[in-house]
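Scroll down for the structure; my scribbles are underneath it.
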């Protein structure tokens, strides 16, 4: 029953795309409505709930104290995880991270890490001895496509708003006391496209993802850099399509940053 | 073949219970014969074999040296594990701990730990640096019901009889040398009931567990405390039934302690 | 299709063996052609590719710095792993080590370790504080039988040729700088036989292994010692057969060492 | 954070200002996860949990199916940031045990016999916590089952009850769970029949104390029940008239 | 615990007082686990092991079945407290290898061809140990198979044999396994045909030494065999007349 | 090993002496693993990788099958000794992601629609590495697919491209990947249509730089393509005439 409806919707989405239309009436280059809520989780150093159309993703940050890596004695680190909770979609399963979850986590992670948005030196507590490790985990609560962008927004906003815990003299965290914030050097956001019926669609829904031949994500920052790219799914893009998507991504991410008052 | 016999026995057990009778002729509030054997495992700091009717459970304790937890620098710890060995019953399987094994271990653990039967300060070796960790593992060798109570007896008797290893000056264990015992502040024991055919039965067999609508266990100590409760299986109890079981459990556990000369 | 051919070949191998013949025309006590290539992996401290007929196995060594075991404060250690890569045979699967892989690794390991071929004291960096750990992993690249002997050769040659990394003053490895070699006290090699059609065959192929009733491996060293034995598969050997195989193994291993210029 | 010298017999009110028999503020929203067959979001003091129900659907793996009833499979999980010290990914033994007792508590409430060979997946996720997350999840899960239109004997209403700083109290928070004399008792009932479907206990308690606590707990569950019913009615009033006859529905197709 | 200066050539007897060809005290009880189809408990010096047999039963997962014979699956395990340093839960690589070689050794003894597409589960658990636990388990498992009434070519009898402190000895204990010149050789045979079904070796040994050791080992296995037969006869005398004709039975129903 | 003061704008050539648009030496041998349906060995600078193809064969587990096409399953793995610090056994998250993107890149090249309900297993193993192992593996895997005689739209040709020490460069090595301004972009195309089937990026790059890099990358892929074709032709010339008509074959039996 569900599968029959789904198959119908999927082929309908491809058919519509060929005519430049979408199931939900959006333009091909139109993003769904975006809202966010922050700091709902009091045990977290930061937390953000992102709603993008019917997609709902939440992120939370816990700061821990760890040893520095041998080759970067004065730098802290971050770790990013992603889970498609089984409560978010009938297709999601619990268990060890799926290929999709691993890719999702790693692309969001790279968008933040390789962009040097966070200067890891500010996460040093004592050189060679103790550093901060930021554990950022995000979770799909309702899956309706484009977990990349919603996860990227949730992660960035969480870091932007996070409070740093206080430490006692033995470098142990004092619960519920905070000191300062994490400074971000730039604010990179992912923008994701699906190729459906030969056309490029911004911010695909779950149905559009099912209908897609290929996927492309690019992270762009407020100071004009591309900071990550990732092509996915079994099809291909022309170089022209890639360049079109990059240009559009810069605009979309700027709009989002403006809306969210990032920087 | 086995399943047909089993199904027959299970429905027979429920039918008999309705008339206040049991397959093995016991009264509803009657425990099976209990015998124990101690210190059979020379490599263990303590070991106990419990036979309860046809159920056979063995426990053994190994003491190790570890670091204290950050929030209890002068206290040792215990860790309790339970395994339903595949040699004990055709239904038992090896592999990661099943839900039943985890519940079994945790309920026996709580009966000991939360009752403060063991003062963890006596397990401190050097504050903030080294403490004893008591690893108590128990195993079903023949499964015929009520692993909760047989496991609880095996665990308590093992701790009550355990020898403490000696340490050298670097806090390393000297093999086969011992010094002193673990002192117990009280002697809590679990008592478990099954609701079968609408009646409450003490010390259920495997067949009676299969026939049961609900299960209830309560740990009671020699100094008059309830120290743990756990309701299990998909049915329910009335408050009157719970109160009846608690009263009976105090008597049953007192008898068992007397028989086993605990305290 | 493949299975039909395979079944035919397997029964043919048994039939031929009964007449003292083999599918590939070899004599029962004849080894396949052996070639080796060393030091192809520049990131490894040593590496060896062994080709034995169509069987291809590669081994590589990485040296790491670790803590000594409590009961051998002045000795390093080795760790041997074996993987039947899925690229090497349609029957091989990825995932946790199979029984065959574990046995393979452990028999090759024992042939080296228990023979005292490597004096672990030479792997001590600072007594009680830091020692070398040699991680030797070997991989089947094309599986056509007798991974035991090809793995044993690959492992021994790798240790014999390995370069020791240099350490800085904090006992951290300096990349791409080396100092000295690991000295071997003897050069033990495994020799493996299969019992097929009631006859004992040296150096079995994959088909012959499939046809075998029993397997026997013995490690023999250049100074006249047997250093490991392992009987496998569900059948049996007479003591006479075992003695015959041991005598032959001494000759075969001597030939191999001569060919490989070991010692 | 333990408060060693607190004495509720003297203070007459609790560390957070509550009366001994007062439950923390409780808020329930039903139907919050569009993809799910039923869902609920619940805030209970600092606890925040989501619950979603999928099913009845084909039981997988097949050997997990029961020919006489639907199997309710609860997965209780906590996000990594829902506790003071980061929780590592993957279920631990505590999660596994809680999932089991919640499954058993809900099995009594649903007419599982009507859906043989199926499973009902119930997923509960704790996103913030401060003692009592399992009873919060059970309360939410029960609303999600009702929201899914499943035929039910009754809702399951749950609460924590126990002892802290010298007094018997309802709905312990974290500071109270850390009291030197703390006893924590998660309890759940079917409110109409007062059948007990969940009962666990930790700590040292006399039978006398238990008898008082049991009454307090059952009353607490009934207070929770009132809020559950309100949340469900609120949703049904908002236009979902077809799902109104809660507890009476008996026909529901099983998805394949 | 290693004794560096011991010399068995001088002492003429072993650290524990035994003669060079003397096996530690060995005791076997058959039929000790009521739920199992066959079982045995064995004490061999300080070693204490249980063995239980379930089957032949349907082979699971199905692709593990063999159309020509029953598959014998041995699981060798040790309790956490059976060794001086606590053993962590779950099988390690040593357990995995031992399980494999024990399965292979037992396969020769049972007429597995009579039960195609089935498995025979053999579970052995070490509860105390002091060198030689694998041969203790194999000896016990073989008795458990006979106790289960399975048709057998012969029992499997096993022992340890090797070298310690300068002498060739049978049934090494832990102190001897730790000798500087220790060689440990687990060996198992079908005693009537003297077929070797298990043979492993560690250490440095000449061919000459091996030839003497092999004889010692085969004699040791035969001594064990006598005790195995006694244990089985004892049980059958105690009333289980119907199971008497050990090794001749050919009809046994497979449980589904 | 990072070289902080290097400036390619001044040096005009790279640390290893290459020109900015020069690929490291690349060598491909096809048909190197006899058991495989297709295989290739590739050396690319210090990188050394094996690729093997098995299939099309029955997709397992069955629910992984697709009724419309063959599923290409790539497993990207590295030996423990292929990197400076020993790699622990078992796939990590990086291996898992790379396996996924390689599978997706190859899916476009093979006419997978011709083999519904099957899988094509592609196994790539890195035995030595120095930046660029994923594009080396993709290049090798594509040759192995052709060697297996699978009908293909085109080969997949891949390379690395990006930025290091102030210049845009092709085929970065490890020293360049560690540059302070390093940007690494694995890219793969079907050379005849210039369709992009793999594209990833790390680092900070302007759109202008990207446009130059894209051209460089596509040219680099085409250089690789020439070597791939040569390797395949070399093998076919050596007697395997029947496999010559690469890309036109449409009949291939599926093994069960």
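Letters A, B, C, D, E and F mark the chains in the order given here, with residues in each chain numbered from 1 onward.
Just so it is clear, contacts are C-beta pairs under 8 Å (C-beta built on N, C-alpha and C of every residue); 3 or more make two chains touch, one makes a residue touch a chain.
Remember, predicted model here, so these are calculated numbers, not experimental data.
Among the remaining chains, none touches subunit A as well as subunit E.
Least step count on the touch graph, subunit E to subunit F: 2. Looking across C-E, A-F or B-E, the pair that copies the A-D interface, with over half of its contact pairs the same by residue number, is B-E.
The distance from the centre of subunit B to the centre of subunit D, each centre being the mean of the chain's C-alpha atoms, comes to 27 Å. Averaging C-alpha coordinates per chain places the centre of subunit A 48 Å away from that of subunit C.
Each chain gets a centre from the mean of its Cα atoms; for subunit C and subunit F, those two points are 32 Å apart. A ring topology is adopted by the chain contact network, closed into one cycle in which each chain touches exactly two others. One ring covers every chain here, and the order obtained by setting off from subunit A toward subunit F is A, F, C, E, B, D. Against subunit F, the residues of subunit A that register as touching in their complex are 97, 99, 102-103, 105-106, 110, 114-116, 216, 218, 221, 224-239, 242-243, 246-247, 250.
Those residues of subunit B lying in contact with subunit E across their complex are 1-2, 40-45, 47, 54, 56, 58, 60-62, 64, 81, 83, 85-90, 94, 96, 135, 137, 139, 141-144, 175. On the subunit F side of its complex with subunit A, the touching residues are 93-94, 96-97, 99-101, 103-104, 107-108, 185, 190, 193-207, 210-211, 214, 218.
Of all the residues in subunit E, the ones that touch subunit B in their complex are 1, 33-36, 39, 46, 48, 50-52, 54, 57, 75, 77, 79-86, 89-91, 121, 123-125, 127-130, 253, 255-256.
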